[in-house]
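To keep things simple, chains are lettered A, B, C, D, E and F as they appear, and every chain counts its residues starting from 1.
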Amino acid sequence: MKPVCIRNISRAPAAIVDAFAHHNVATVHEAMGRIGLMKPYMRPVWPGAHIAGSAVTVLAQPGDNWMLHVAVEQCQTGDVLVVACTADCTDGMFGDLLATSLMARGVRGLVIDAGCRDVRDLQAMGFPVWSRAISAKGTVKATLGSVNIPVVCAGALVNPGDVVIADDDGVAVCPRSDAEAVLAAARTREANEVAKRKRLAAGELGLDIYNMRETLAKAGLVYRDYSNKS
Amino acid sequence: MKPVCIRNISRAPAAIVDAFAHHNVATVHEAMGRIGLMKPYMRPVWPGAHIAGSAVTVLAQPGDNWMLHVAVEQCQTGDVLVVACTADCTDGMFGDLLATSLMARGVRGLVIDAGCRDVRDLQAMGFPVWSRAISAKGTVKATLGSVNIPVVCAGALVNPGDVVIADDDGVAVCPRSDAEAVLAAARTREANEVAKRKRLAAGELGLDIYNMRETLAKAGLVYRDYSNKS
Amino acid sequence: MKPVCIRNISRAPAAIVDAFAHHNVATVHEAMGRIGLMKPYMRPVWPGAHIAGSAVTVLAQPGDNWMLHVAVEQCQTGDVLVVACTADCTDGMFGDLLATSLMARGVRGLVIDAGCRDVRDLQAMGFPVWSRAISAKGTVKATLGSVNIPVVCAGALVNPGDVVIADDDGVAVCPRSDAEAVLAAARTREANEVAKRKRLAAGELGLDIYNMRETLAKAGLVYRDYSNKS
Amino acid sequence: MKPVCIRNISRAPAAIVDAFAHHNVATVHEAMGRIGLMKPYMRPVWPGAHIAGSAVTVLAQPGDNWMLHVAVEQCQTGDVLVVACTADCTDGMFGDLLATSLMARGVRGLVIDAGCRDVRDLQAMGFPVWSRAISAKGTVKATLGSVNIPVVCAGALVNPGDVVIADDDGVAVCPRSDAEAVLAAARTREANEVAKRKRLAAGELGLDIYNMRETLAKAGLVYRDYSNKS
Amino acid sequence: MKPVCIRNISRAPAAIVDAFAHHNVATVHEAMGRIGLMKPYMRPVWPGAHIAGSAVTVLAQPGDNWMLHVAVEQCQTGDVLVVACTADCTDGMFGDLLATSLMARGVRGLVIDAGCRDVRDLQAMGFPVWSRAISAKGTVKATLGSVNIPVVCAGALVNPGDVVIADDDGVAVCPRSDAEAVLAAARTREANEVAKRKRLAAGELGLDIYNMRETLAKAGLVYRDYSNKS
Amino acid sequence: MKPVCIRNISRAPAAIVDAFAHHNVATVHEAMGRIGLMKPYMRPVWPGAHIAGSAVTVLAQPGDNWMLHVAVEQCQTGDVLVVACTADCTDGMFGDLLATSLMARGVRGLVIDAGCRDVRDLQAMGFPVWSRAISAKGTVKATLGSVNIPVVCAGALVNPGDVVIADDDGVAVCPRSDAEAVLAAARTREANEVAKRKRLAAGELGLDIYNMRETLAKAGLVYRDYSNKS
């Protein structure tokens, strides 16, 4: 693999990308057929953010944030920067200076399979980050990686231009070509849940709403009363 | 083991269960003789909740939340749902819909040795959850487990009807038959601590309050002044 | 190793120690030459605190907080208590009573390579703690350790009297003899960053500010336009 | 909980206990209905051993092996010593001296949810140990625990007198009262597997032996030929 | 994502695939430009095996090995079965029966991002497995996944037909289209290393062989003699 | 910290260093007063080696093995190379080429708080390594570190010239100045254990040999006979 920086990637239409931010990560993941999630070790460095954007991807060497500077130039309004490393790393590869630079370009957030620092400043700035660790450990700028190639970030394949959705539950990735269909499925799903939520709040049981009683019995579930010997 | 759902479990008297919520997890654990804690990986998904309730227990297959729906029907006001899995799992086996259903039945919270999702909604709803992970990963409803059998949850044995206490420090479990005695011991302990806290705040040393100086000397502790060569 | 408690340790001048609190952990770590950090598993038990102080050190047995009581007496205003264990431990070796005692002596915070409990009370009291875990697990007072000997805490060597800086990014340790020089370097570094932050906020790229383009090209980075086959 | 040492526990008949050693852990676990396993972090400190025995249980304080000495006296020929701790611990709480003592009493092996040391000597002596860690870290003898009470060891509930089976796959626990029935089920299962193994070795497919094709189709599995665009 | 089983995948020429087995994982990884490795938690369940083969891929639900049975039918001589899960899992999803079936089809080994059981039998049979865990935990056959779609296994992207190389150092994946070029690069690299190994064995220093002295000096390395004050 | 390579370090007398190899890590650790151990995650990459030697230390950047080449030149017969990293790292920073070079200089082994590769070759060569991981991940040679400064390796402070002892139980470090005294204590301890081992093998109980019965009773241990209700 030769180090490369790919320019002018394709993105999904802004209207579609933006609409994903109305759906949470769990819904999008279900709408995709229960796939596309990053591992749960990816956590927001501050709570409450909910974003959707187009992925600009970085494959970096662990402990080396040189390529993040290269990637900034490839970002535009509405993007989310996604950083993968060639080996597990918790170093603080991102902080308030890079965040300042990304905000100046309209980037909506960062997803990094490594550490992040300056977390208090990031919260004050309102720049959301999902990372595997919080660490003040500084990095070098010594070895090349690549920008906008397909990467595996926290267990998920991310192609440049894919839609990235992130909230307090974690991070999901939707392939660019599936974005429209997944969005539609997410909408249907959410509408469906509103109705269910009302019935459950009124005290109806999931057992009845989902018609589970017969299937449970067929599968062999037995009901028995408690006794002190049980 | 045949899958089973036990109905009509015994619970400790409500007055006793409710009184536990005035004591924190650390106090209850000490009052029990320094046992009965779940592992510290069990963390609240949002901070600040403090509950006590009667355990309704679930043994679920990892990644399968079918039995949670079965368990909801067995819950009543004042209960805490406790979910163990047959193998380690971080999937998001619980979210806002199940929480809506449990709240409709007066359940006080959930303790789950797996993942939880919709954490922001749960905080907005005021439904507290202690879990080993936060994950948007969806689950299936395919394989039976059991409800209200003894389970091992995060390293602690939980029998149905045991008192579960949870706060920002973690989760403790008090056997139903010991509840009254443990509650009394917790009260004594807390009263005792109030006095100590005052003395410590006034600058008295634990060394003196607990009469440690002689024991330390007997055990061989030597005091020496600092020198640059030390 | 005989158990020992060293009295009257040397500390850096108060003016220098206090000045460190104006610089964050990441800055101090960089100013030291990218060393001196504790591992990132050391996290604040409540967010927002930022302290600097002189280290009083403890080497404790895992699950035994006897020596913490010994150490309290050696603390004075402006100190930070640093607790290392002879083996990995997550037990709640510290809680609100010890915090009350430390606050009465003017101690600024605790750094403990073990667990901490009563976290909600600690936040209410405004006493900051950095720990590897939150756990209600109680401890014994049975076996001696030492106070104010050099310890390894979360991967960092801490000598008594070293300056400890802690914020939401983690914990750094600056040797007492280097404190003045590191502080000066931190100041220079921070001044330098203010200027950079402005340029980045105005849309200038790190690539240009740091003159990276030539070095990247020399290292072999190739730019290429995106194609669907790439 | 008052510290206690229970004497003269009940055990399953020797013929039944011994017969378990002809079945591996996976088989016994399946015969029990896919339960009763300790967590997979419990690993043999040397490979190749396969034992079954009656559990003598210990609840110890982390880093304190005092109660192991108490437990030795309660052991008899055919037993397996099972050690749980009140908090996670990797210290080397067991070594060649205790092994010598246990071998002198006819104990078949040790299962310890903590660390073990002298692993090379243990292999030379032929004394098998399953532990969560290998560590030379020494322990104290300072705080009481209990012997022959129910314990949770590596996530599994173990009552004194239960049958413990351990091999290179891990450790399983069969309640004493279920031992005979589980043994019978294990035998049936194994006989059944011999036949299947022959058919599979001859090239028959599991898809056909287990009649999966129809169920897979009904569940919605689609077969498609590979194309470069897939 | 609809569950699918892709038949008749393309593979690299047998001569090329087979030749990879003469090179170890580290060499292949370097020849690819230091990429293509699975995470180091993937370990052989028994030591000493070294294989190369064409990937048949499975995306399975955690704790559910149904799709492995589907995949067996798609395997042919010279293949390596690669199993990814939709969430982290350590259950024993593979054992001696499936190994018997795979051996009957000429499959060279298994790479599974989950647990494996019957490890002693597998060693006796000579069937090599790389897994993230050893666990006797049994699995269900209840939920569909897919066969021969691109999967992320232990952090590496694997497309069906890619070349998988595995030895005691871990597992590498070489894209099918790059196989010939990578093989050539591996050969060159290995030849180069033979010469270096001789020079190093003769006492020549890497500092001189790689001409590092000047670069080190330029980077600022200072040599100094030891003093007791250093 | 300026990068530096310290030459001509002091070592303990060869006769003393060599004598340590007759004592295992657990014994040395106990003889030092139960300190000086590296964390138990440090494991031999192949079993059965037992070495003692003088530490040559390296502080390296994670994923960068440049300084190992610098360190080789500082090694002499009887040394053990000890490598620490400035941040957690599992990359394969050491392999058969560096081992060849170290063997040519008479180095007895490597202790590295990072990954190691070529483990099969290392076993064939008889060069022992203790590491935190096995990984084929290659490294760069881009950023300076230091040689023969004090380092923290796997939680233990190592000064250049300290005695390093390693066996299947782990790694211990004895300060150079304490080497003679610790060696004497280890000898005494071992002699003492021989006698105990004989008595234990003859069936005497530790309870009696160590006179524990009275202390246990005083501490409150109660003996009770088993009943089915206990």
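Structure notes:
Just so it is clear, contacts are C-beta pairs under 8 Å (C-beta built on N, C-alpha and C of every residue); 3 or more make two chains touch, one makes a residue touch a chain.
Quantities reported herein were computed from a predicted structural model and do not represent experimental measurements.
Counting hops only between chains that touch, chain C reaches chain F in a minimum of 1. Common neighbours of chain D and chain E under the contact definition above: B, F.
Under the contact definition stated at the top, the chains bordering both chain B and chain C are A, D.
At the interface between chain E and chain F, under half of the residue numbers appear on both sides, which makes the contact a different-residue one.
Here the spacing of chain A and chain D, counted between their Cα centres, is 39 Å.
Between chain A and chain B, the centres computed from C-alpha atoms are 30 Å apart. The centroid of the Cα atoms in chain A and the matching centroid in chain E are 27 Å apart.
Residues of chain F found to touch two or more other chains are 2, 34, 37, 86-88, 90, 135, 137, 143.
Viewed as a contact network, the protein chains fit none of the simple shapes, being neither a path, a ring, a star nor fully connected. Looking at which chains touch one another, you get A-B, A-C, A-E, A-F, B-C, B-D, B-E, C-D, C-F, D-E, D-F, E-F. Taken in their complex, chain B has these residues touching chain E: 61-63, 86-91, 135, 137, 140, 142-143.
Contact residues on chain A toward chain C in their complex (touch as defined above): 2-10, 66, 69-70, 72-73, 90, 92, 95-98, 100-101, 103-105, 115, 117-120, 133-138, 141, 143-144, 148-149, 160. Contacts from chain E toward chain A in the complex involve residues 1-2, 32-35, 37, 39, 59, 86-88, 150, 152, 155-157.
Chain F contributes residues 24-26, 29-30, 34, 37, 40, 43, 47-48, 167-170, 172, 193, 196-197, 200-203, 205-207, 210, 212, 216, 219-226, 228, 230 to its touches with chain D in the complex.
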